[in-house]
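Same chain, two partners: subunit A is paired with subunit B first, then with subunit C.
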Partner chain A sequence: MVNWNALLPELVLSLGALTLFILELFSSRRHFRLLVLLSAFVPLLAFLSLLFVEYPARTFFNTFEVNGLSLLAKALLYLLTSLVLFSLYDYYEAKGSPYTELSYLSLLSTLGLSILLSSTNLISLFLALELSSIGMYVLVSVLKEDYPSKEAGFKYLIIGSAGTGMFALGSAFYYASVGSFYLKEYRDENTLFSLALFLILSALALKVSAVPYHFWTPDAYEGAPTPITGYLATAPKLALYFLLVNLINYFSHAKQWFILVSVLSILSMFYANFTAYAQRSVKRLLAYSSIAHAGYFLLGLTVAKPELQKALLFYVSVYSLATLGSFVVLSALEKREGFTHHILDYRGLFKEHPVLSVSLALFFFALIGIPPMALFVGKLTLFMGLVNATLLPLALAFAVASLISAGYYLRVLVAVFLEEGERKYTPAKVSGGEAFTVLLCSLLVLLLGLFPNLLYDLIKF
Partner chain B sequence: MIQWLVFFLFSGIAVLSALGVVFLPNPIYVILALLSVLVSVAGLFFIAGAELVGAIQLLIYAVAVTVFYVFVLTAVPWEKAIKKDPFYRVEGLISFPLVLALYVEMVLVFLIGVSVSPKGQFRELITKFGNTEVVGAILFSKYFLAFELVSLVLLIGMIGAVIIGRKEAQTYEDHSS
Partner chain C sequence: MEGLLSLAIFLPLAGAVAVAIIRQEKFSKLLSLAISVVVFLITLYLFLNFDWNRSGFQFVSKYDWVPSLGISYHVGLDGMAVSLLLMTALIFVVAFLWSLKVEDRPNLYFALFLALETACLGVFSALDFFLFYLFWEGMLIPMYFIIGLWGHDRKVYAANKFFVYTFFGSIFLLLGIASLVVYAYLMTGKLSFDYAFHLGFSYPMLFQLVVFLLFGLGFAVKVPMWPVHTWLPDAHVEAPTAGSVVLAAVLLKMGTFGFVRYSLPLFPEASKYYIPLIFFLSLVAIIYTAMMAIAQTHIKRLIAYSSISHMGVVTLGTFAFDLNALNGAIYMMVAHGLSSAALFMSAGFIYDRIHSYHMDDLGGLARYVPKLAVMFMLSGLAGIGFPGLAGFVAEFLVFLGTYKNFPLWAFIAGSGVVLSAAYFLYMYKRVMFEEETLSEYRLEKWRHLKDLELHHMLSFILIIVSAFLLGLYPYPFVKIMEQTSKYVLGG
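Right, the complex of A and B next:
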C-alpha cells in the first residue's frame, strides 16, 4: 500500500498548482494579483501540512523517503517559495507583463525540488531535477518585450540540458557499476563507478553553478526578471545542497570525491570573487557572489563529517534568506522608470530610499559575514569544521576568499551611501508583499545571527 | 541463420541512411533518410526480441518526431533551411576525436557492463511473461512515482512551449474587457 501521509506536502502542492491552473483558465489579466497572492498561500499550506507527516517513512517501493532532515529542507523551501511569490506581483505589473501562468509555474518547480529532497532513486531524482529546471527555464523567459530575458532563458536551457545529459549518463554508469538505480552503499572502486561519480557531481555542480560549470549563471541571473532571479538563486540551491549532503554518504568514500570537490570549490571561490570586481551591474555582481558562495558551500562537502555538513546546511539556509532579500530590494528599485542595475545608477540611493538602502546594506553586510548577522555564524562554524577536520589549507583559502569578497559589496554600498546621484528617478513604490519579504528576511537574518540555535538544533542527522 | 541475415539487412540500411542524413543536401531527403534510420533501428529491436522497445521506437520516433521535423521544415523559410556551406570542415575535424572517444567509451561500457550487471535475472522473467508485461510490471510498481512525475514534466514543458511560443501581443487579447 502507498503511504499517502509521507506524500502530504507534495500532494498539497500539486493540488494547489492544479487548482490554480484551472482558475487561470477562467481569469484575465485583471486577476493577476489575486492569482499570484493565492499561489503564495499554497506553499504555506504545504508548510503547515509538514507538521502532520510522520517520519521516518518510506513509500512507493522505497523510492520516496521522508526523514527529519528532508522535512526541514522542505520547510525552508516552501517558506522561500512563498516569500518569492508574495514579492513578485508588483514588479510584473510595473513591467506590464502580468503573466497569470507565473502562479503555478513556480509551484510546479518547487514541487520538483521537494520530490528531489525525498528521492532515494536516481530515476526519480532525475525527473524531479528536470521538473524543477524546466519550470525555471520558462520562468526566466517570460517578461514581455524584454529580449535579454528570452536570451537568458535560452542560454539556461542549453547549458542546463548539458547538465541533464551528464546526470542521465552518470546514472547509466551508476547502474552499470552498482546494478541498481537505488542509492546504496557501494564500496567497490572501479572505473565505471568513478565515471558515475564524476558525471553526477558535474551535473549537480552545474546546477549549483560552481566553476567551471558556471557559464549560465551571470547571463541567466542578469536577464531573468529580478524576483525570479531571487528564486533561482535560493530555492534550487538550498534543495541541491541538502541533496548533496545526502549523497555524500554514498559517494565520499571514493578517492576522487575529495579532489573533485575541493578543486571545484577553490576554483569557484577565487575565480568568482576576482571576476566580481570587474562587473558594472549590481545584479551581475550578485550572480558572481552566488558562484563564490557555491565555492564556500562545496567546502562543507569535502569530507563526510556531520559537524561540517551541519555548518554547511545552516550556512546555506541563512544565505538564501539574505540573497532573496537583496534581490527583492533590487526588484523594488527596478520598478523606477529607466533604472538599470548599473552601479552608477545606485549613487545617492540613500537620499531617495533610506529604508531600502539600509536593508540592502544589511543583506550585503550579511553576505560579507559581519558578526551580528546569521551568515557570520555560518562562516565561523564552517571554518571551525574545516579546521577540526584537519583541512587547514582549505580553511585558510576560505578565509582569504571571504576577505577578498568584502571589497565588491562595499563598493556598491559606498555608491549608495556616500556618492551623489546625477539622475533623478521617479521614486519607487514598495508593494506590501515586497515590504513583507524584505522585513521577514532581514529579521530572520538578524534573529538567527543572535540565536543560531533556533535553526542549528533542528539540523539533525 | 535467418536472424543474422535480417540483422545485417537492417543494420546495413541503418548505416547507409545515416550517411544519407549527414551528406544529403536537401532537407526533405535528410528527413526521409532519418525516417529510414529509425525504422531500421526498430527492426533491429524486433530481431533482438525486444518487441516493446521496437514498437515504441516506431510509434514515438518514426511517427511523432519525424512529423515534428516536417512541421518545423514547413514553418522555417526555405532559404534559411538550406545550408549555404554543407560541410563544417574545421568543426568536424575538431569534434572527430571526441566522437571517437564517445564510441570507444560506449564499447567499453558494454564490455564491462555485461560482466558487472545482475546475473540474468530479467532473462528468465522475459521468457516467462513476455516483454511488455515485464516492462509494465516494473514501470507500474517500482517506478510508479517516476511514471507520474513524467506526466508533470510533460505538462510543464507543454505549458512553457505555449507561453514562450505565442506572440506577446496576443498574450492577452481580452475579449471580455
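Right, the complex of A and C next:
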C-alpha cells in the first residue's frame, strides 16, 4: 500500500508543476509574470500541506521516509523556492527574456530536492539528485542573448555529470559491500565500503561546492541569471546539508569520514577566503563566500554529535536567508543599464539606493557573523558544538577563517558606503516581489538572531 | 526601580530608530541630547542609590530569553559597572553637546551615536555572556560607520583597520565564551550563559590557561595592549571628534572592564600564572608608547598614544592582585575616560578652527583662544595625574598597591609615567606657546579665531568638574569601586 499522505507535499508540487506545464503550452510570453507568480504559490501550497502530513511514516517499500526533521527541511526549502519565484519576474522582464518555462523547471528542481530529503535508499537519492540537477542546468542557461549564462550552464552540466557519475559508482560499491541500496547501520569496514564512502562524499561535496570539487561554482554562480544564482546558492545547499546530517549516522563510524570531512572543510574555508580577495565581481565574490561557508558547514559534519548537527542545520538555514537576500539585492541592481557587478559599479550606491544598500550591509554583516544577525548564533552554536566534541583546533581554524573573510565583505561595503561613484546609472526600479523578499529575509535574519529558539527548538533528532 | 537600568540601556536605541525614521535635523539633535541627559540622570540615580556595603550585583533584572541554549536577559551592576555606566552616560551627553553643530548627514550621525550608546551601556550592564557579546559586537557597526563616514583623509583605511582588529579580538572571545559554556555544561549538565553561574565554578588549570588567552586576546585588542594597539592611533586620527571622545573614553574601557569582570574572577589561577606576561606588556605600553607619544607631531596621534600608555597603568593595576591596585585600576578607567575625552575635544576644537592637527601649523594659540588654553591645560593635568585631579588618585592607588607585591615593576612603571608629563607639556608648549616662530600670515589668522562657544564650554565644564570631584573627594567613588575589587579578589 502506498501511503499517499506522506507524499502530500510532493504531490502538490508535481501537480502544480504539471498544471503550469500545461498552462505554459497555451500561453505566450505576455503571460510570463502571471505564470511565474502562479508558480510561486505552488511551494506555498506545498508548505501548507506539510501541516497535514502525519509523521513518522514510511512508504514505497520504505524508500521514502517522513520525519520531523525532513518536514522542517521541506518547509524551509519551499519557503526559499517561493521567495525566489516571487522575486525573479522583474529581472527577466528587464533583461528581455521572459522564458515561461522557468515556472515549472524551478518547481521540478524543488520537487527533486524535496524527494531527496525523504529518501532512505541510494537509488531514490540518485534519482532525486538528478531531477533537481537537470532542472538547474537548464535554469542556469536560460537568459536570452547572454553568452556567459550558456557557458555557465555547460560547465555546470559537465562537472555536475561527473558528480552524478561518482554518486552512481559510489552506490554500486555500497551495494557491493553492504548488499543493499538501503541506508543502514553497517559496521563492517572494508575497502569497498571505504570506496563507496569516498565516492558518495565526493559527489555530495561537489554539490555543496567544497574544495577541491568547487570548480563549477564561481563560473556557474557568475554566469547564471542572478535570481537563479540565489536559488542555486540556497535551496540545494540547504537540502544537501539536511541529507548529509541524515547520512552521517550511516557513514561517520568509518575512520576515513572524519579525515575526509575535515580536510574538505579546511581546504574550502581557507582556499575560498583567500581567493575571494582576488575577485573583482561581487557576484563571483559571493560564490567564494558560498564555498567558504561550505567549509564552515562541513565542520558540523565531522563527528556525529546531535549538538553539532543541530548547530549546523540552524546555521545553514539562516545562511540561506542571508544569501538569498543578498542575491535578490544584486539582481535588483543588475536591472540598471550597464551594471556589471564589478566592485567599481557599487561605489556610491548608498547615495542612490539607501534602502538596498542598508539591506546589503545587513546581509554582509550577517555573513561576517556580527550579532545581532542570526548567522552569529549559528557561528556560536557551531563553536560550542566543536568544543563539545573536543575539536578545539578545528574551532580555532574556523575562527581564523572567518576573521580572514571579514576583509572582502568589508571591501564591498566600503565601496557602497564610503566611496563616491563616478558613473551615473538609471535608478533601479525595485519590484514588489524583490522588495518583499529582501524585507522578509532581513527581518527573519534579525528576528532569528534575537530569538534563535524560534527555529533552533524546531530542529529535533 | 527594577526596569530602570534596562530603560537606560534601550532608550538610546529607541531614539536611534526614531531619528532614523523621522530624519529632521533639529529633531535629531534635540532628541539625542534629551535622551542622553535622561540616561545620565537615570545612571546618576542608580549611582547614588548603589549600596557599597552589599556585595553582589544590584538593580538586577533577569528574564528567560532562549531557554534551550541557557541564554537569559540578565542585567545588573556592581561597583565598577555603575561607575563606568555613569561615566559613559556623561561622555555621551558631552559628545552630543559637542556635535550640535554637525552639518554633514546629521540624522545618520546621531542615529549611529545613539545606537553606540546602547551598546556601550549594555556591555557594562550585561550579566549574561550572550548578551554581553551582543553589545560588545554591537558597537562595532556604528563605530565603523562613524569613522568611515565622518572621518578625515584616510578614514576608509582607519575604519577597516579598526573593524578587522576588533573582529580579530572578538572572534576569539566568542570562542572563549563557547568553550566556557560547553565545559560547564559537560561538568554539570546545565547549559547556561549566565555569568553568576560560571562565577561559582572552578576550572582546571589547563583549561583556564587556554581560555584565559582566548578571552584575553579579545580584551587586549580593545584595551589596547601592546602589540595589538596599532589600530588605535589610526582610528583616533581619522575619527571625528565626538567619535574619538567616545572611542577613548568608553570603548577602551570595555577591554579593561572585561579583564576585571571576566578574566580575574573566572580564571584566578591562570591570571596569577600570566602576571609576568601582562606586566611585561603593560610596561611596554607605559614606557614605549609614551616615548612614541613624545615623537609625534600630530596632536591627536599624540593623545592616542598617551591613551595606550595610560591603559597600561590600568592593566598593571588590574593584575597586581592587591585591593588598592585594583581600586586604582578601576579609578583610572573613569579618570582616563574624563581626561582623554577632554583632550580629544581640545584637539577637535583646534582642528575645527585651524583645520590642522600638526604642531608645525600651530603655536601661540594661548593668547588668542584663552578659554581653550585653560581647558586644555586642565584636561592635560587631569591626564598626567596632577594632584587634585582624578588621574592622581588613580595612579597613586595603582602604584601603592603594585609596589606592595611587585616593587621592581612598580618602580619601573612609575618612572615611565613621568614621561606623560613630558609629552603633554611638550605638546602644550608647541600648540599654545612658541609664538616667536609663527609667520605673520598665521598671526593674522589667529587674531580672528573664535574661542570656545557655549556648547563647547558646557562640555568642558561637565568633564573638568567631574575630574575635580573625583580628584578632591575620592572617598565615595573608591568605596563603590571597592565593592567590585573585593569580590574579584575573593576577599
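What we mean here is this: the second predicted complex is superposed on the first by the 461 of 461 C-alpha atoms of A that agree within 3 Å, B and C clash if a C-alpha of one lies under 4 Å from a C-alpha of the other, contacts with A are read in each partner's own complex, and residues count from 1 in each chain.
Following the convention adopted for this analysis, contacts are C-beta pairs under 8 Å (C-beta built on N, C-alpha and C of every residue); 3 or more make two chains touch, one makes a residue touch a chain.
Quantities reported herein were computed from a predicted structural model and do not represent experimental measurements.
Undergrad: Using the touch criterion from the header, give the chain among subunit B and subunit C with more contacted residues in subunit A.
TA: B
Undergrad: Look at A:138 in the shared chain and tell me whether it touches subunit B only, subunit C only, both, or neither; answer first, second, both or neither.
TA: first
Undergrad: Looking at A:177, would you say it contacts subunit B, subunit C, both, or neither? Reply first, second, both or neither.
TA: first
Undergrad: Is A:340 contacted by the first partner subunit B, the second partner subunit C, both or neither?
TA: Neither subunit B nor subunit C is touched by A:340.
Undergrad: Classify the contacts of A:457 with the two partner chains as first (subunit B alone), second (subunit C alone), both, or neither.
TA: In the superposed model, A:457 contacts subunit C only, not subunit B.
Undergrad: Should A:426 be classified as contacting the first partner (subunit B), the second (subunit C), both, or neither?
TA: Neither partner.
Undergrad: Mind working out whether A:379 is in touch with subunit B, subunit C, both or neither, as first, second, both or neither?
TA: In the superposition, A:379 contacts subunit C only.
Undergrad: Just checking: does A:28 make contact with subunit B only, subunit C only, both, or neither of them? Give me first, second, both or neither.
TA: Only subunit B; A:28 stays clear of subunit C.
Undergrad: Of the two partner chains, subunit B (first) and subunit C (second), which one does A:410 touch, if any: first, second, both, or neither?
TA: Once the two structures are laid over each other on A, A:410 reaches subunit C alone.
Undergrad: Flag every residue of subunit A that touches subunit B in the complex, lowest number first.
TA: Within the complex, subunit A touches subunit B at residues 14, 28-30, 60-61, 63-64, 97-99, 101, 105, 108-109, 111-112, 115, 121, 123-124, 127-128, 130-131, 134-135, 137-138, 141-142, 144-145, 150, 153, 172-173, 175-177, 179, 190-192.
Undergrad: Can you list the subunit B residues touching subunit A in their complex?
TA: 109, 112-113, 116-118, 141-146, 149-150, 152-153, 155-157, 159-160, 163-164, 168, 171-172, 174, 176-177
Undergrad: Show which residues of subunit A lie in contact with subunit C when the two form their complex.
TA: By the definition above, subunit A touches subunit C via 365, 368-372, 376, 379-381, 383-384, 386-388, 392, 395-396, 399, 402-403, 406-407, 410, 414, 417-419, 451-453, 456-457.
Undergrad: Mind pulling up the subunit C residues that touch subunit A in the complex?
TA: Against subunit A, subunit C makes touches at 65-69, 130, 133-134, 137-138, 140-141, 145, 148-149, 155-156, 159-160, 163-164, 167-168, 171-172, 174-175, 177-179, 181-183, 185-186, 210.
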